[in-house]
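Same chain, two partners: chain A is paired with chain B first, then with chain C.
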Partner chain A sequence: MTDAIHIERLHYRVGKAFEIKNLDLRVPTGSIYGFLGPNGSGKTTTIRLILGLLRPLSGRITVLGDPMPEQHARILGRVGYVPEQPHLDATLTVRELIDFQAAFYPSWDRAQAEDLVDRFELDGDQLFGRLSKGQKAKLMILLALAQRGDLLVLDEPTDGLDPVVRRDILSALVTYVSERGATIFISSHLVHELERVCDWVAVMDDGRLITASPMEKLKHGTKRLVLSGVPREIGDPPFRMLSRESSNGAGESWVVGGWEPGMTAYIESLGASVRDVIDLDLEDGFVELLRSFRGRTPHP
Partner chain B sequence: MAANCYTVPVHWNSEPSLFHGIDPRSPIPLYVQIADRVRLAIATGTLGSAAALPSVRQLAAELRINPATVIQAYKDLEAQGFVEIRHGAGTFVRELAPGRRARERSQQAVALVRKLVADARRSGVSLAELQRALETELGVKAT
Partner chain C sequence: MTQMFRAVLYTQWKWSRLIVVLGTIAAFAIPLLSLQGAARADRGALQAQDLLRSVQSWGSLYPLLATALGLLMAITAWAPDHRGRHIHALTLPLPRWQYVLLRFGAGFVLLAAPIAAVSLGALLASLTATIPPGLQTYPIALAVRFALAVFVAYAVFFAVSAGTARTAGIILGVIATIILVQVVAGIANIDLNIFGAAQTVLAIGPGPLAVFTGRWMLVDV
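Presenting the complex of A and B:
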């Protein structure tokens, strides 16, 4: 199976302040891929590079099997995109915007668009500029879905929206995936939402990819270990040490990545004992990953 | 459009009680949680023989989870002999051998008690205290 998006050794820079360095990323076909990272980490820039809206200094981007930006016209016909900021003409009505968008895409699904107007409870005669934030977001999702693309690229589609709107949008996305088997690449801060829906997740910080892994693997591999009797010096552990703190008295608390149950043997070989192994959810894991990454590299 | 506001799209936003409280933050994978709920419903008779499970599409949209997660749960249930996936028709509860429901219920009971004991240990409650509390709660006379 090919990847819906394949990025190799990508390098991009604007001025001196920000760069994306040596980025490698594979988004498997059919996955719902969560793209996490704090503000300014390079998520939107990466998305714009994937869509050919920016040109990389070096590296290779392949989208749906074709090279980007060389084949951008061919690729973009099959990619639905929802940008971070609404980009539609405020003086057109919902219906006019749908008709306008439809004209660009031979694959446009009129019935799907009608169905979503009803489900999202949008008023066709309303001007875009008069819509609420939630209604705008719903319309943008509608336009991306009715295009019938094989890949949806969504840049923070539900951030800042109320829970009812978020629910409607996520349900529509999930339904689309069930029906079409499409790939969704979705960036967000809303960790709990991604935790629900995504089967892959990547974390970015400061223009670099910190981790990319199947969701279950990331969630299961990230643990807080409560230990006692740990010697000060330890060698190379078989897992990723994210943080190490001493807790009250002789105990220590470690946060580790890539943990497997058999690794307690390693800890015992140090002469220490494992008092507890605590599961972390995605948000805790995400925070610990960022903290460890920033602790290790100089941060501007 | 105004009339639209009065029709409640039931299939769109409601979470069926069977899957209420599925927790994506839990360390237990979502597909395991879903399969557990279905098994419990079968064990207690909430889902009888030949009952249809929600379609993959429907359940994924309702819970706002990845359709692949629902498929994984249903495949596991099929492998365990609880349901039958008829392609194009849906997923249905199978006729179970006598005693299977009861056996499943007692396995569920064991799982519940294990979780209780683990939680108690973690929060520093002794087993004797736990047992006393349990007996009081169940109305059994403590000696």
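Presenting the complex of A and C:
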């Protein structure tokens, strides 16, 4: 099965301040793929490159099996997109925007659009510019879903929305994926939100990909180890050391990625003992990943 | 493609309907007003010279109206896309040149209304006015010329407003450079007339802007 999105050695630069360098990313077909990163990490730029809104300096992007941007019109016919900021014309009504969008997509599902208008409690005669932030987000999600695309690309779709609207939107997305077997690529800095719905997650910072793995692996493989008797030099461990701190004088606290239970044997081979293994939730893991990455990367 | 064009046409109508309606009324009224004195029962027909003078002065309104319609329609064609930073348009599933063509076509279809209004107004004015002997009416020629002027104005302004702020900056920069060169040449007593040359190239036939110049006469010898 081909990947819904496949990026190879992508390079893009905006002036001298920011660049995406050697980005490799594979988004499996049928996954709900969370794209995490702090503000300014390059998530929106990556999404714009995926959609052909920006042209890379080098590298290759394949979306739904076709090269982007060479086949952008063909690809965009199968991709629903919700940008970070409302991009629709404020002077058109909800109904007019739905009709406009429908004209461009042969696969447009009128029944689903009507259903979502009711479900999201949108007023068809209301101007887009007069809608609340939550209603705007709902309408943009509606337009993306009714296209019946094979891939939805959502750039911080629920940022700044109240929990009720967030839940409505996420529930609509999960329903869509379960019915259509589509792929969702969703960027956010709201870690808890992605933790609930995503089965894959990638973390980006400063234009570079820090990690990409199945959600379960990331969640369950990221641990805080409380250790005692640890020597100063530990060689090359079989897990990823995200942080290492001494705690209470005698012991140490490590945050590690890719942890598996059998790895306690490695710790013991160092002459140390594992006093506790604490599960970290995604947010803690995310913070530790970023801290570890930034510690290793020289910043200007 | 028809559905797409209809959708684009509808949005364009919504954004520019006031311009289209007012432009159509003006386009219909100008030919009628230009011959208003030609057949007044109380005063008799205007003399040929008076009529030509009146028609000529009213005639300067046609290129002005054509330019205004072209400019305003071009601005409204792109303004919502500019406001949304073109993201919506660029993520629609069609080649970009096709989208541009749809937008251009929609604007021009709407401009057909004032063009038709000039034709109707000119025909009506020609039929109802008493034209002094030796003069002829040219309603169709006037309408065709008006259509051409509207098309040229719309095409030029459409291309300019499609560009980014950077494009506008480049255009302004080129104009500013030409002005600067002309001023410097004037100070240095160098025989250089860029504006004259530009006028010759652009506004004198067969220059692209020649359609705006000269006399716009509904009635002529």
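What we mean here is this: the second predicted complex is superposed on the first by the 300 of 300 C-alpha atoms of A that agree within 3 Å, B and C clash if a C-alpha of one lies under 4 Å from a C-alpha of the other, contacts with A are read in each partner's own complex, and residues count from 1 in each chain.
Operating definition for what follows: contacts are C-beta pairs under 8 Å (C-beta built on N, C-alpha and C of every residue); 3 or more make two chains touch, one makes a residue touch a chain.
What you see is a predicted model; the values in this text were computed from it and never measured.
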{"item": "Combined model on chain A where chain B meets chain C, clash or fit", "value": "fit"}
{"item": "Contacts of A:268 with chain B and chain C, given as first, second, both or neither", "value": "neither"}
{"item": "Chain B versus chain C as contact partner of A:105, first or second or both or neither", "value": "second"}
{"item": "First, second, both or neither for A:91, with chain B first and chain C second", "value": "second"}
{"item": "Chain B versus chain C as contact partner of A:162, first or second or both or neither", "value": "neither"}
{"item": "Where the C-alpha centre of chain A sits as vertex, the angle toward chain B and chain C in the overlay (nearest 10 degrees)", "value": "130"}
{"item": "Touching partner for A:73 - first (chain B), second (chain C), both, neither", "value": "second"}
{"item": "Partner, of chain C and chain B, that touches more residues belonging to chain A", "value": "B"}
{"item": "First, second, both or neither for A:51, with chain B first and chain C second", "value": "second"}
{"item": "Contacts of A:177 with chain B and chain C, given as first, second, both or neither", "value": "first"}
{"item": "Contacts of A:24 with chain B and chain C, given as first, second, both or neither", "value": "neither"}
{"item": "Shortest CA-CA distance in Å separating chain B from chain C in the superposed model", "value": "25"}
{"item": "On chain A, the residue positions that both chain B and chain C contact, one per complex", "value": "none"}
{"item": "For the chain A and chain C complex, residues of the former touching the latter", "value": "51-53, 73-79, 81, 83, 87-92, 96, 99-100, 102-105"}
{"item": "Contact footprint of chain B on chain A as seen in their complex", "value": "30, 32, 118-119, 121-124, 167-168, 170-172, 174-175, 177-179, 192-193, 195-199, 216, 219-220, 276, 279, 281-283"}
{"item": "Chain B residues touching chain A - in the complex, by the definition given at the top", "value": "1, 4-5, 9, 12-13, 24-27, 29-30, 56-57, 60-69, 122"}
{"item": "Chain A-touching residues of chain C, taken from the complex the two chains share", "value": "3-4, 6-7, 10-11, 14-15, 80, 83-85, 87-88, 90-95"}
